[in-house]
């Protein structure tokens, strides 16, 4: 008996759930949990089904499901347990450390294959925990050369996701396209407030009483990708920029790790510029 | 086209979702949202299905569903929009007012048919908002006479739920039995901490940094009924008992109203001494 | 023995606390609570002191304090218990109702003298609770005439604060100037995100996972006044615009009432475009 | 110019703040932040004053302050920046890792001198991060021998605080007495709910909708010491014991680290069985 997660998205129509569940029943697959969502304005259907049973021929099951669904349906059958990830960093340790600690104690739901940094600050720490660190400076080279160096490293591994754990360089459209839907970023503000650089200074100047952080998929448009998770925390007049940064870091790591957990458990669909999160 | 909510609970077995969805498809009912939960230790299955379509013979549909489910299945088809409720109060206004305001502006999801109080403090306010208030003192009579008076009033109306909105008398097992599964209470602590009277004083004496409130179904065992919703809020050393009461009241009304919203939308199953909440 | 709240703001310098407390001790005033804040970049000092004692000649005490403080110091001695307020509304009931209920049960810390609405929707409800409602339509007149009508009403009463409880007209710079520092608004978003109209639609379109609300003092710059309080709540892909509005209203009333409580207890300083909140 | 933190507790009486601030002014100490609290039922006064200036003779300043305060006053002058701590663990990594990471990157506000574990599970990880790990098994020896071994290690270092980071043995009254006021524990429930072992199983059985964690000073009475910080998080019917444990661990590390930050910044007074926290 195996666990199998099935992700399906397709145009909405009457009878989808019935069609899908009938196929699963015919394959002796018992549904443990099923979530679905209909984006009515766009007439799109999404479902995540966790089931148990014996599936010897996954490709055949997938084909039968597609035969019972509207055209343009996307079906994913997932049995793989742990994802493989690469982490990109600059100088800040807090998100990287949270990921590496969970990686070390096998509670991340993914395996960290490598860390790539455009500075050397986090090299020693990463290696202390037994993870390879690749130092790829962005200095004295153009962006495409810089990114090509990173790609060469990333492509050595069989990577499912690239996590930008406070990576402070903007990736080119080409890089993003090469790993479409696979790059997750943690943005240090409650988007869409304080887009761009220095959000904590902006928050300080504006005198807000709350700061936040946002984990999102990376797309061409900086800070505009589909949002996965967000959290906020209260601040007050006693918080200078430095205190906001400190409080913000705690939120950043919480938001990023929560997003990663959802991604690694295959609980997220990207639906145009938004996400559907089946918690 | 009508909206129909279907609640089903039964012993768990393979194929339940398929059986149910096949029946619905055969009746041209389109599933808008479906949630299910399996209590594995107790091998019990629960589902809530929201669908749209034309159902002329509900009783017949219910029978067909039962025929396709294990013995001892419970099926509820719900089309009624607003529930009818009675509210029991003592002297505190905050929960009552929150309910009556939403009732007045038709955002409660229920109709308040009457308010019964064992004091007169809230009579004028209730009547200002056009709701009948029945003063039933508990003084100088035994509990069964007191409760019989309340029952006579309640039974004049076609009541779906009785809301204890800070009603400070303990109801007898007999009363509870007469309205089994229909009585909701707001308890002024984060249960199971501070069971019993004066929870805010207990919280103050213990020096806790958080206080909370709990909405639960009322059963024979005081403060032991199935919990529906809970929230907490931070307090500190500046909070005396009075300040804790004030902060607690804000939490109480939030917790109670959230529970009522879930109940009035038929999102809750009672599963032994717990609840399943399909948000 | 009376309670006296003292608010002082002045340029920062060494020895301020000593100077102030020495004056208070000389007047047999016992300090119950004292909070201070130094805005270091702007070298400004703020303190709120709650004390008890007998002060027969407040004006004299104020003068002595001023004599012991730097030039340009501002000293407020406050013994008045309840503030007098006017409320401006349009059609939405939720913030108004929350204020009127607390007003009715004497837990607002202020007295509502009148409600002014540019529609008639909330007239009946307001009058049910015994508060005068003035209907001042903005239609068929220019803004200055509209505002003059409101001013005439407001000025009949001895108003400390004007609360915009979902008042959906933009006030002119002249109106704001006439009541400088006395107008509080609840904005239906987590500022500075989603400035302007339809923030819930903007939030829906962007696919955010959190929505919020902001209470702020009103200044010339729309949505740019000093922020008093903010809160957020989680939303997900199941929330359409309508559900976001519903969830947002709960946050709006919480944020506004929290801000009002702080204002009515004289816990807030406006410091340039920010607030200092001594909770 | 140095930063100096002054902690004072004493019986309450009129003029304390004046007396204290006059002494500080006479020593050219500028008050940056001052917080005070009066426990009125017990007539006790507490203040924390952060000031800057030159203090060459701290002992003399302390004596002058004592001379200006009631009998039994306690005065602490603190200039030491980082505390020295020992950590006691059993098998769970999450709290230990959070502390060691912050220690490594110098953001803990303390220096971890050693980790003592009654199992070997965390030895390798601790040593990877360059911190000495002492394995002291509790097996095959009586409690006093076990504790004596730990004391011998602890006393090698100049320890300010002992942090029980999920240390699952109950310490004897003697051990607690030796380090009175210096031992901080993280309890895996929202105290006083679910005192004792297996709180997550208790929470699961009761069907609560919230779980929490509590950081407290350790006293003779298990789980009854003064509470420093508490947080909660929502759970639902989908959470089995395992999921509650996982969610609980995130709360535990947040609560413990928040408590440690407050302690290391000297923001906490123990007042009988409660704490005063000057955030």
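Assorted remarks:
The chains carry the letters A, B, C and D, assigned in the order they are written, with residues numbered from 1 in each.
By definition in this document, a contact is a pair of C-beta atoms (placed from the backbone, for glycine too) under 8 Å apart; a residue touches a chain by one contact, two chains touch by 3 or more.
For each chain, UniProt lists the protein as follows: A, B, C, D = Formyltetrahydrofolate deformylase.
Because the structure is predicted, anything quoted here is derived from the model rather than measured.
Should one ask which of A-B and A-C has more C-beta pairs in contact, the pair is A-C.
Ranking all chains by how far their C-alpha centres lie from the centre of chain A, first place goes to C. In this structure chain C contacts its sequence twin chain D using mostly the same residue numbers, the overlap exceeding half. Chain centres here are Cα averages; for chain A and chain C they lie 41 Å apart.
Chain B has its Cα centroid 38 Å from the Cα centroid of chain A. Counting partners per residue, chain B has 37 as the residues that reach two or more other chains. By the touch rule above, chain B contacts chain D in their complex via residues 37, 190-194, 206-210, 212, 226-232, 234, 236-238, 271, 273-277, 279. Of all residues in chain A, only 14-15, 17-18, 21-22, 24-25, 28, 30-36, 38 touch chain B in the complex they form.
The residues of chain D lying in touch with chain A in their complex are 93, 97-98, 101, 104-105, 107, 125, 128-130, 246, 250, 254.
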